[in-house]
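First, the structure itself, so that you have it in front of you.
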Amino acid sequence: MRYFSLSKAFMAILSRDLLLALRRRSEVVNPLLFFVIVVTLFPLAISPSQAVLQTLAPGIIWVAALLSTLLSLERMFRSDFEDGSLEQLLLSPCPPTVVVLAKVLAHWLVSGLPLLLIAPLLGVFLALPTAAIPTLLFTLALGTPVLSLVGAIGVALTVGLRRGGALLSLLVLPLYLPVLIFAANAVAASADGLAVTGQLYFLGGLLLLSCSLAPLAAAAALKISIH
Amino acid sequence: MLRTIDLGCERGDRILFSGLNLQLNAGEILQIHGANGCGKTTLLRTLCGLTRPATGKIFWQDLDIRDDESTFSEDVIHIGHHDGIKHELSAAENLHFALALSATTPEFDVTQALAHFGLTAQTHLPAYVLSAGQRRRVALSRLLLNNARLWVLDEPFTALDKDSIGVMEDMLHQHASKGGCVVITSHHSIPLAPDIHRELQLGT
Amino acid sequence: MWYWLHRFSSPAYFYRFAGKAIPWLAAITGLLLLAGLYGGLVLAPADYQQGDSYRIIFIHVPSAWMSLFIYMVMATAGGIGLIWHIKLAEVIAASSAPIGASFTFIALATGSLWGKPMWGTWWVWDARLTSELILLFLYFGVIALQSAGEDKRTASRASAILALVGVINIPIIHFSVEWWNTLHQGATVSKMDAPSIHTSMLVPLLIMAVACKFYYATSLLMRARAELLDREHNSHWIRDALKNHE
């Protein structure tokens, strides 16, 4: 009898990656701590003045979120590549785009979602008005999945290279700029009491676009890297 | 079942082999010989579709494997240099995952597959406490959890003890007798009946 | 047509064809450059507001156009190489990247030089300059990925994917930067929206643009030949080609 269930395979990959993350907790916690520490550097480096911090807060939080995502990206495919699991995944009847989607979702649950949970605290650190906190969460909810999706392309392209880490940031950061611009601006605008629906729609658009195209690109890139 | 036409592979700008025409029928085991670096591993990876050949085509049941990836991927299983075993997961968890990704319902279940390789005591141990040979045996257990008809095995006997080598040899025989195909590299000489044992010398 | 394309994409034929075409293209580039520079630097009148400093547009604007044009050529060639496995397309993509990056750098450097008399500072976060800077980063990414792999063909295929992802992203980045810029600076007077450009300025500008295209073609063919020699160094057509050369 031959049958193959896509949803079963998707869930298997997702739960395996989550289980692995649970067993290597430090790899999950480190980028999160990095996020918090980078944010605390700014008041020390610039000024503890509430007025200054308030204008910088959206930018600082978003730049820190970008960098922290960058730290955790490699985990998506690197160890699977090194121990041969990636070959097995690509040889399995599961289409590579589904493999990518499952791994991206696992990555986001493990490294994007915690950013979202801890961000309000950092908003308070940086004197962000309470009114802007929901917007911060909205932008993170829409933006961090885009970071994981676009990042997947970058990791897939560099996973076969020995010195892929520094290269990864060079490839991925320019592609992150639209998210950074719109997300940081939305937070700043809502701190000033302005409407931010436009920015949020744009971020939502980016999310849809990257959801539909990034898995294709990442799957093609993985096939090349595994060559 | 498996056929290649004018197959050629390169690594970097070095031509490993070219003009390779192979024909492997159901129930045959092809053993590939050759010195280190002559392209055995590359040939195996090419045959299972991981590496793109520089020239030529590969056919599985008269279909180009590039055109019909989904059918082919259900029919092939590859055990390479790397075991594809997650060190943080137990032997059983590793195999359950492999099972979830295979397209078929095999006759063995995870416990039976591990028992077949004498790993019952290690079922729930995390793979990082296992020895290299034990991990190899976990990887080889995947062959039992899959109804793939084409086995592509890269040095499966490496790190195995005497008993496991015997188990593995029996599995090769059984697979061939059920009409499966095997492409294998090994420095170990495999005792096989000459009518099913085909050999290929690379790099001469 | 297909026959011709197929023949042209064979490395051996291309190598010979490019060898013959380069001197001609180089000569045309030289003539156009001379004409454009003479028209731009001597014949065109000084601007009543900016004086002579505006003349940098004869370099700046064509370079900015080229920077985007070459990215598109590179991504298209990369895509063709990716889909149809044509070696020559991979070579064209690989050879285009450094030329495109140079044009982008020139556009940035001249833009910044122009900024000094215009705004009194070397750098402003003007939307066009910022977009150009990000384009330079995208080029760096493609070049870095190109040179990182041990296997040139694999590296080519990977950087083709990156270039294609970049093509989808360029309009988004451009739009984001434009939007960000209008938000933060209000309506800045954009340098290129001169209400009406005088013919005596427009003609040399267009000549310079064509000269840049020819320069690109010349330098692309030269780089592509070198790249082909490197990639194919153990194929027999190279031995034949070099034998004829002696």
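All chains are identified by letter, namely A, B and C, in their written order; residue positions are counted from 1 within each chain.
Methods note: a contact is a pair of C-beta atoms (placed from the backbone, for glycine too) under 8 Å apart; a residue touches a chain by one contact, two chains touch by 3 or more.
The model shown is predicted, which means the values in this text are computed figures rather than measured ones.
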Chain contact graph, described as a line, ring, star, complete graph or other shape: complete
B-C or A-B, whichever has more C-beta pairs in contact: A-B
Chain occupying the most central position, where position means C-alpha average: A
Separation of mean Cα positions, subunit C and subunit A [Å, integer]: 32
Euclidean distance of C-alpha centroids - subunit B vs subunit C, Å: 48
Subunit A and subunit B: spacing of chain centres that average the CA atoms, whole Å: 36
Contacts with two or more other chains, residues of subunit C listed in rising order: 151
Interface hub residues of subunit A, defined as touching at least two other chains: 227
Interfacial residue positions of subunit B with respect to subunit C in the complex: 11-15
Subunit A - residues contacting subunit B, complex: 1-4, 8-9, 11-13, 16, 19-20, 23-24, 82-85, 87-95, 226-227
Subunit B-facing residues of subunit C, complex: 150-152, 231-234
In the complex, subunit B residues that touch subunit A: 48-52, 70, 73-74, 76-78, 80-89, 93, 97-98, 100-105
Residues of subunit C touching subunit A in the complex: 82, 134, 137-138, 140-141, 144-145, 148-149, 151, 154, 157-158, 161-162, 164-166, 168-169, 172-173, 175-177, 179-180, 183
